[in-house]
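Each of the next two complexes has chain A plus one other chain: chain B in the first, chain C in the second.
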Partner chain A sequence: MSESSVTKPAPVRRKLSAGPLSTGDKWFFRTTSIAANFAFVLVAFILIFLFIQALPALTSQGLPFVYGTEWNNQQDPIVMQIGPMIWGSLLIGAIGVVFATPLAVSLAYLIVFMLPSRLAKVATTLVDLLAALPSVIIGLWGLFVFSPVASEWGAILNKYLGWVPIFQVKSADNGFGGSPFIAGWIVAIMIVPIITSITREVFSQLDRDLINGALALGGSRFSTFRRVIFPTSAGAVVGGVLLGLGRALGETVAIFYVLQITFNINWGQILEPNGGAVASMILSKFGEATQEEVSGLIAAGLVLFILTLGINFIASIIVNRAQPWRKN
Partner chain B sequence: MSFAPRPAVQPWARVNTGRRIQILLASIVPILLTAAVILVTGLDRNVALMGVFLPLQLIAASAVGFRAFGRRGVGDAALIVFVVFFATFVLVLLASVVFSLVSQGAQAMSWGFFTQNNRYVSNTTSLEYGGVGHAIIGTLLVVGLTTVVTVPLGIAMAIYLTQSQSKTKGIIRTLTQAISGLPSVVAGLFILSIAITLDWQKSGFLGSMALLPLMLPTIARVAEEALRLVPVDLRYAALALGAPNYRAFFQVILPAAKSGLVTAILLGVARIIGETAPLILTVPINNGTSWNLFSGEIMTLPAYVYNYLGSAFVPSQNRAWGGALVLMILVAILFGATRILSRSKSLKSKPTKEKASK
Partner chain C sequence: MNSLAKASTLSSENISVWFGQRQVLSDVNLVFPANKVTALIGPSGCGKSTFIRTLNRMHELIPGAGLAGSVYLDGKDIYAEDFDAVSVRIKIGMVFQKPNPFPTMTIRDNILSGLRLSGRKIENGDEVVETSLRRASIWNEVKDRLNDQAISLSGGQQQRLCIARSLAMNPQVLLMDEPCSALDPGSTRRIEETIQELSSSMTIVIVTHNMQQAQRVSDQTAFFLADDNTPGGVVEFGATEQIFNGPIDQRTNDYVNGHFG
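Coming up: the complex of A and B.
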């Protein structure tokens, strides 16, 4: 070692940085982050533009827009109120969720815990196929095939369980078509896949040792389900059900064909051919809408958007919290 | 009940041949009895299903369960009966949709139905004339434009969610999930209100834009899953060799995740190809063939079905069924392609994993 090397100045300490170093990387991350932040922009744009176009209707109608029960474009100050539609959407969503949840949880249980893996794959594919059916096809089938059958179900329910308030009708002569009951079934068929897929994922991620332990302690299939599987997965299932509810509220075309939309509020006579749904109402009014009415319909869309966005947001938080293995 | 010691049976071997026969009987007898009740009393089929079949099936299954496992078997039997009953119910509904589509739509199927447009077709024209040719072209154009715009955006989003270290990832993921629940009619109204605000004419282009928010979350989510499946060691190895992030992505991760990303695109297309409400709100329809997305009328398959569905005339209803069958065939093709892709992916992924572990 020569002396000159000692006097040589120490190399400049390299700067440590966690950020991208090269120009290429900077552009790579910049582009992707712009794309990702497009999600914010999209939601903001939807809110802003809907609001701009809804403003004339909202200012002219005031607060009764949300709870009033009349839509009349013949009067001079035009009356547009969507109370029965909002209530109808919630009612149909609730009916759909009540029908869909047992079906979906059963399917998920069957796929994860009962079927051999090859059959389970087939069943999963079938459920995915059900999810892929476009809603206009469900509407077509609902109108020509399902409605007649479901009206029969409605008639039977009314005949044997007519003493229960929700199964009462004013007059059986109106028939049982076009009721929230049928629309609820249609919605249930459309949300079964989403609830199934979330429930299935949670079931398949459950700790197998936990289940085997319960079985080894003498538990049966049923007690294992009640004491082990159900408590650990209930949270995610609730999230899935909420996601399904959000889907149900936004369902448009399929409900449009099977529901008799009226502006009389239907508090819970689910077999009465009288119901409402915000999304389907927008579609049904849009064809002959005047300029003022279009503004009213956009306002209805804004209400629907805020409603579904809220439900979906809560649902995704619940689902994410209940599936810690999806984190990072 | 005696306290005599039970014979030394193996508890895990209780489902033996005798038990199998009992289970078989328990499955068949309720069906036969229900059929007999329907034939003899003329009871409504729906009532018989819920009022006779289900209770009988429950009793029969519980009896077999009780004989095999004692009291614990009863709960099991009930659970199995309900699960199978509900799952079969969903299967029957799905089968009914597919069956009625195929049987009703088959009437309309002919070569002309795929290739002709509806220019000289009235409500009562027989099915030999006219078809969905113009609607197929319109759907391909509208969905194609959406795909071209959305795919880079969605995949870039997925890259951001998997490759960067940013802190806003959680919010963006939640937001994307929330957008995936956006009602399709609201997407249509959104584009409509932009068009009104900026005074644009309705056209196929607006329809494409209305489909974008519906397609984006699907692509972003599935692409994210696909990128996540690539072992993170591969990326670290590339970075440790001195590759910048973008080269690590394009040369290492992208080739490994290729089939997953194609699946994401196919699922995204399948998600929007049948969307009806946004197109009805933003795209004017016609009966002739149009290749122009940016002005004038253009027909799409969902709008075609929607248009003829409300008709009171039987030939028009049959056109709706035919159009729906064509739409379903398109969805089925996309769907089948994703299945084939995912199968080939799972075959290929094994050797790559082994390589990675070496």
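Coming up: the complex of A and C.
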């Protein structure tokens, strides 16, 4: 053929568009993008506000602000350091996670694999209700009902396991109230719903054939959980735990009621009535703070904000990487 | 070589099945002789898959499931109180419709998973792995990548891995619930070859929707059917040759010749 000798022109690419199809579409598109951007802008503004307000304190205090252990507003210049609070928040968060995780994972297993569907729904609702309780209610309950009981648990732990460093106290005469141990329990109660609902979701999305496969090979309920169900969902559970930790770090009122806040770093003697928590400290000082102190408190909030943001960020990475075999 | 378990005769006697109040199977009596391949055929929803799950006590894991009748493994009732479900499932292996290798485990660990799940000691694991993979005719494809993740295999390979995983338990009976329905023709053919080889050492029951497959692999065939709003049951049971070439019941004739279903 003669045409074959003529070079074929390069194909012309057509204009394709996935844009809005109608006026209604256009408005829908605009509304949603405004809403999405609004959330983004809001977070940015909060960060900027915190940063501007915190700047005087950060410049006057320097780096010791985050690791120092003194807060003195009588002195001139004023000293503001929140090391014990940052460490305390992390310690209480860690205790909360240690208590909450086994509870939440067991609850999720029970709901997904063991309860008949009607009971499972009831249990799910109850756990979600726990998340809906205002933290001031949990705080008051913690103060009046739970603390006296948990102090007894603390005394027992100290009596029988006192040789373990974390269960040591300087003197049993101080009582066992107001400790990070109690605050950790309170936080655990508050984050159980988050971890449970994420774990429940992951468990219920598991391929039933995987579980049946394990049972058909002679697995028991426990060995199937240990070797198949848990390893397959572990990444997502860790993500849920970190989200819970994020909530634990930000918890304010409930911890404020049950914790003895001091400016001595409590490295890990969790039964000692001596602890700290950034958010609760802000709450306790804000009422009578001088203008200089307010800047310091806002700086503390900024630090907490960044800490929480970092943990949520890590959580989302872990959750996304958790199941490489699952293609979105 | 590990000595292989002897194939066993499996039989069902008056098996009826309920889900809640609804009866889905009625009075199924079948005998699966040692070293024979039996195909279960019939339209969707006639209870074949439900029936095969009564043969290794997987049925009882479904909430609301009910059962009447008995299943005998070499004359012993597998639902008897002194026969626990775990030992039943160890003796009677199962391969599922969709390949279901454990995604967090390597190829090797998948093969050994049954031993671990059932709490058995693993002696000469390498030998178990090689023997099982050889019997499932997949050894040559995976021998150099035993520590790769099982999900890196193709669908057909995954299914043969699942067969090998069951074989590692050294079962006397192997139940297969539409093992090829998710696979391409090439993989299907290889699995059919594997089934033929395995029948020399075990009893095989296979559910299939593929008439040609039933004719190719099985010695005997049972045709299941559920009429409207009645529990399913066996219409006809006999040598595969007879079911496909000279069925006694008109409904069997219609089904195997593609007139319905």
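FYI, the second predicted complex is superposed on the first by the 297 of 328 C-alpha atoms of A that agree within 3 Å, B and C clash if a C-alpha of one lies under 4 Å from a C-alpha of the other, contacts with A are read in each partner's own complex, and residues count from 1 in each chain.
Methods note: a contact is a pair of C-beta atoms (placed from the backbone, for glycine too) under 8 Å apart; a residue touches a chain by one contact, two chains touch by 3 or more.
On a predicted model such as this, the values are computed, not experimentally measured, just so you know.
Touch criterion met: A:L210 reaches chain C, while chain B stays clear of it.
Once chain A of one complex is fitted onto chain A of the other, the partner contacts of A:L119 are absent, as it touches neither chain B nor chain C.
Residue contacts after overlaying the shared chain place A:S316 against chain B, while chain C stays out of touching range.
In the superposition on chain A, A:L283 makes contact with chain B only, while chain C stays out of contact range. Look at A:A44: by the touch rule set out above, it reaches neither chain B nor chain C. With both structures placed on the common chain, the touch criterion links A:A172 to neither chain B nor chain C. Of the two partner chains, chain B is the only one touched by A:T31; chain C is not. After overlaying the two complexes on the shared chain, residue contacts for A:T232 are found with chain C alone; chain B is out of touch.
Legend: residue contacts after superposition of the two complexes on their common chain; A:V164 is shown touching neither chain B nor chain C. Note: residues 220, 223 of chain A belong to the chain B contact set and to the chain C contact set alike, using the contact criterion stated above. Interface of chain B with chain A (complex): residues 44, 46-47, 69, 72-73, 75-76, 78-80, 82-87, 89-91, 93-94, 96-97, 100-101, 104, 152-153, 156-157, 159-161, 163-166, 168-169, 172-186, 189-190, 192-194, 196-197, 213, 216, 244-247, 249, 270-271, 273-277, 280-281, 302, 305-306, 309, 317, 320-321, 324, 327-328, 331, 334-335, 339.
Residues of chain A touching chain B in their complex: 18, 20-22, 24-25, 27-29, 31-40, 42-43, 45-46, 49-50, 52-54, 102-103, 106-107, 109-110, 114, 123, 125-130, 132-141, 143-146, 152-153, 156, 160, 189, 192, 220-223, 225, 243, 246-247, 249-253, 257, 279, 282-283, 286, 294, 297-298, 301, 304-305, 308-309, 311-313, 315-317, 319-320. Residues 56, 58, 61, 63, 86-87, 89-90, 93-94, 96-98, 100, 102-105, 113-114, 116-119, 149, 151, 162, 165-166, 169 of chain C touch chain A in their complex. Interface residues of chain A, counted against chain C in their complex, comprise 116-117, 207, 209-210, 212-220, 223-224, 227-228, 231-232, 323, 325.
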